[in-house]
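Look at the two complexes coming up: chain A is in both, with chain B in one and chain C in the other.
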Partner chain A sequence: MANTARQKILTVVGNHGILIAFVMFMLVFALASPKFLSFENLQSVVRSSAILGVMALGVTFVVISGNLDLSVGSMMSFSTIVVLDLHDKLGPTLAIPTMYLMTLGLGGTIGFLVGYLKLNSLIVTLGMLSAIHGLTLTYSGGKNMDIDDKSGTWFSFFGQGEILGLPVPIILFIALAAFLGILLAKTPFGRKVYAVGGNATAASFSGIPRARTVFNCYLISAFCVATAGLLQASRSMGSQNTVGQGLELEVLAAVILGGASLLGGSGTILKTVIGVLILGFIQNGLLLIGWPFYIQYVITWIIIILAVWLDISVKRGKFWATV
Partner chain B sequence: MTQSTPALRLEGIVKEFPGVKALDNVSLSVMAGEVHALMGENGAGKSTLMKVLGGIYQPDAGTIFVAETPVVMSNPLDAKKKGIVFIHQELSLAEELSVAENVYLGELPTKSMGRVDWKTLFEKTDGILTRLKVNFDARTRVGDLSIANQQMVEIARALTVDAKAVIFDEPTASLTDAEKLVLFEVIADLKSQGVGIVYISHRMEEIFKITDRVSVLRDGQYQDSVLTKDTTEEAITRMMIGRNLDLSRAPVNHDLGDIAIEVKDLSCGASFHNVSFQVRCGEVLGFYGLVGAGRTEIAETLFGLRQPSSGTILLDGKEIVINSPATAIREGISLVPEDRKTQGLVLGMNCRDNMTLPQIDDMKAGPFVSDGAEVALFDLYRDRLDIRTPGWRQTVGNLSGGNQQKIVIGKWLSMHPKVLIVDEPTRGIDVGSKSEIHKLIRELAASGYAVIVISSEMPEVLHVADRIVAMYSGEIIKTFTSEDVTEDNLIQAISGITPK
Partner chain C sequence: MNTKKLLTTAIAATVLMGPALAVAEDMRIGITQNNVGVDSYQTTYESAFIAAAEANDNVRAVVLDAGGDVARQIAQVDSLIQQGVDAIIIWPTNGEAVIPAVRRAHNAGIPVVVTNSNIAEQGFDFIRSFSGPDNVTQGSRSAEIMCDKFKDMGIENEAKVVQISGQPGYTTAIERAAGFEDRLPEVCPNVELVETQPGDWNRERSQQVMEAFLTKYDDIDGVYSGDDNMGVGALNAARSAGREGIVFVGATNFSVGYDAMAEGEYWGSIYQSPVDDAEAALQTAIDILEGKEVPFLNYFDTPKITQDNMDEFTRPVF
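Coming up: the complex of A and B.
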């Protein structure tokens, strides 16, 4: 009967593991630093997580459909550089939609290759990671991009503005999360994403167009990347070519930490948001208790391993694999 | 037959899981030199019992004896060392390695410094292969072997130890008839060497062909053991489900409607050629033939998963072109595929979502999926097909094979197709669900559907089909009506020995 009790604990931990971990973190940091739970601090964490978060929302779709997107980091650099450059050439009203279209073009290319040509998404997006980086550098000539007249434009609104006292990046993140959350959980399209990721063959046998569904997931991911690029450009009003470098792994970490399976077919937007917040609070908490900044990468890795290990322990019903 | 000592004996085995007693005081003896069939519906406890024997589960109570010595197994390798060997239905071989490496996997003979002793390895393996009378040698790459020969490699693995008991779990599931005969010879050979054999299968004909005794489990409880020669199919079925399985001939339905689907000279590459047939509303057309005869390929072509190279398909008298499953579904053709786990279901999804998947675009309230409409549809077909599940939220992968198949059937029935194609409707399903599905197919025909049933089980096609198409190597040899068909002429037709 001890077995049954252990089984129950495993199930509870498995279903709510990510929440339990989240609450534990908050408690530990709150005890370690009184500033941690202050409104200002919480708001600053969410705000600084917004760019990563927006990208993670899109990647959640790709991962649930059973694929990967490792190109989002360099694609975000691309969007940022393009929108900054076009801002001075076309003005913000034209620059923003043009940048969105160009980013969607990149996403569409990936979607075509992975969806319609059935190429392996790891290979395609890993290649895209460096190809887009090359595009960005070619476009900018390797130079940093800056807006000339930083105070004479409303462009800073997205990254720096406030509505009713709430920073715009937070509002955009929440609005996009709500919209995509509903799209994924409540619409026929969302159901198809789960079906294609859960079993692509069975989905095809049910008349679900696998290729188009995957294609659309990459479009959504590109749309989110474009939004992240917009936030980044608008916050700093100038940028290096490598601003998004390495973000693809942090994004993936957040999605996995949220509990989406890399095999596809499972995960939710809410869980991804929690994954994003955990990463954000870890960084913030470590800084507050005075740990060196770079140790966060190590701690993040440990947390992900713990999360994945808990997840598979529950699936196989024991903590150790004996063979 | 020397039946003096049991090779394997179970005494009072109990295994409980939260909420279920999977094994309830099971006692069983398998004599040395005996082929002992273990039967029961899915969920009766066979798999749990096997896992207990393999050391994957530890029993909550009871003792296992091998050659009358009590043993405790901690894992499958341990079980093998103690003389209990499994031949699994799903093969677990490393395809890139040689036969010999697979046979001795984990126990390769070594020389000094851990180097593999290849000479001994190949010699020992070839010795075992000779015993099995196979036509490949120890150096062959396993991936180059047929499925049947791969099964032989699994069996060779069993022979590396001094096995007291060998357990075959649905060994013939993927074998052709000729390959089955070889397997049966091997079993007879093991038997003559005094090994106790446990044979698990749903196929009655095999049970009566090769086993000496039959034991039946039902709901985790041991029912009875009987000598095979003293019993009948009906008696075993009754023990398994508590009632009879009806496999009488299909009643001829004379009340047929119009031609629902007509296929003229349809060909698809090397899979099948010049296939013509028609199915009327209210009729069940059976397709019978060996694996690879082209039956499944025809079904997949009608469902838009393959493109025909020539020929026409007429639905309600109109010629149609089907280039994707979506088109087929729109035109009113549904396919319950051959393999429900890989083709029929998204195992990680719940029951309701699986059932509504093909029509998810039509289940909308505004832009959203209508929860109410989905649940209503699921409830309707759950009741109609008697699907046993705790609720629609249950993950499909957790259901029994029979209930999974009913979900797939429900999924396609709810599309109200004109033509329903069912490929291997009862593969790997227990007897009780089998007869329910047979009944359902007859009822569907009676209510006006045109149904095509593809099956590799002769009793099944004879039972459900009004007419039977016999196929051999991509061609239709003959179409029988249920009046002129006999088992003999059907077998001849599908083996390609009948003159047309």
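Coming up: the complex of A and C.
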């Protein structure tokens, strides 16, 4: 009897293992640093996680469809540099849609190669990682890009503005997460994404167009990257060419941490958001505690492993795997 | 890139036209750079180097770029040895890994000058000179700039400072931090450095670090950043948190830092010109070839720049 009750509790929390891990880390950090749970700090962590978060939303679609996107970091650098440059040349009203179109073009190219030509997504996007970096450098000539008149433009609204006291990046992140969450969970398109990632052969026998679904996933990812670039550009009003470098792995870590399977077919937007927040709060918590920073890399890794272990233990009902 | 092509063509043309044009004291100097195009500093360095080489009739330059790739740089050094250049200038992609190639050049009797960032100590026997900025001095000068400002404000006995350093493990980051940390207690013994965290040479990362500092400490009077790019990130954080009266001091004056100084929001920095850097490297190589006495650590001067004297300097191009 006691055993079945235990099983029941485990099934209930089973779907939310990562949430439990999240709450536990928040408690530990809150005990270690009194300022950790202050409203200002929570708000500033969510705001600075928004850029990574917006990118992770798009990559969630790609991962669920059974593919990878390692190009999002350098694609984000591209969007940032392009929108900053066009801002001074065309004005913000034209610069933003032009940047979105150019980024969608890159996403479409990847989607075409992976979806229609059926090339391996790891190879395509790993290649794109350096190819897009090259494009960005060619575009900018290697120079840092800065908006000339930083105070005389409404462009700063996206990264620094507020609506009803809430920072715009947070609002955009929440809105995009809600929209994409519904798209993924409640629409026929969303079910196609799961189907294609879960079992591509079965999906195609059921008449689900694999190529078009994958293509659309990469378009969504590119749209999210463009939004992240917009937030980044508007937040600092200037940028290096390498601003997004390395983010592709952090994004992937957040998505996987949230519980999406690298093999495709599983994952949700909500879990990705939790993965993003865990990464953001680990970074912030370690800064606030102020440990020597060389060791922080190691501690970050330990926390991630603990979170994944806890998640998986809750799912299978025990800490150890049976052989 | 076009200039590079032009120059190569020009060199080829000179070679083809034969001995008629070649002067006896012609010096062939090869340079392999770290990663042109990755940032404005390196891009400007390359064009300044080419311009300086073109301006000198006795110098013929072979300009190569390793694109950040160690293996490519080693191959480039070997190819310069094969071409039999008179001197090699190298901007190391990696201070350890290039040493064997540098030794081969040394054994072939070709003097090697290291530019911008030095190679590891075990390679010192194989190079003739290091030409570049003195990062320790830069760090201590930043400490002096900050201390002088505190004295002007009359807070030299209670001021609290945070530091945002460069990427952990990078020589430049370590040396600047060491210079700052050693000098600050000498000039301002009562100023406290409360915490140091890395900003990884990244403006966005530095902004996040500064946000955490602002949450953690109610009283911050000064911020020292390992370069202006990170310094401006920290300034952005303070600006959006509405915290005023903080003294920002950086190093390697970037145009964003220069502009923030002009607006009165950023106090000072260290002026390090890629043009001076490139010209110093070329001059060091020329001096060695002409048999002049050259110091092993041949630093070029990187002066202090603050809101008070900034009109003596032109706005940085990067």
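Operating definition for what follows: the second predicted complex is superposed on the first by the 281 of 323 C-alpha atoms of A that agree within 3 Å, B and C clash if a C-alpha of one lies under 4 Å from a C-alpha of the other, contacts with A are read in each partner's own complex, and residues count from 1 in each chain.
Operating definition for what follows: contacts are C-beta pairs under 8 Å (C-beta built on N, C-alpha and C of every residue); 3 or more make two chains touch, one makes a residue touch a chain.
Since we're looking at a predicted model, the values are computed, not measured.
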Joint occupancy of chain A by chain B and chain C, clash or fit: fit
Contacts of A:130 with chain B and chain C, given as first, second, both or neither: neither
Touching partner for A:265 - first (chain B), second (chain C), both, neither: first
Which superposed partner A:120 touches (first chain B, second chain C, both, neither): neither
Which superposed partner A:203 touches (first chain B, second chain C, both, neither): first
Partner chain(s) touched by A:93 [first = chain B, second = chain C, both, neither]: neither
Superposed model, angle subtended at chain A by chain C and chain B (C-alpha, nearest 10 degrees): 130
Which of chain B and chain C A:187 touches, first, second, both or neither: first
Shortest span in Å between Cα atoms of chain B and of chain C, once chain A is used as the common reference: 34
Complex contacts: residues of chain C adjacent to chain A: 36-40, 42-43, 168, 195-198, 202-204, 207-209, 211-213, 215-216, 229, 232-233, 236, 240-241, 254-256, 259, 318
In the complex with chain C, residue positions of chain A that touch it: 33, 35, 38, 40-41, 44, 48, 51, 137, 141-144, 146, 160, 232, 235-236, 238-243, 283-284, 287-288, 290, 293-294
Footprint of chain B on chain A - complex, ascending: 4, 7, 182, 186-188, 190-192, 194-195, 198-199, 201-209, 265-266, 322-323
Contact footprint of chain A on chain B as seen in their complex: 18, 75, 303, 305, 324-326, 328-329, 335, 337, 342-349, 353, 357-358, 360-361, 363-364, 367-369, 411
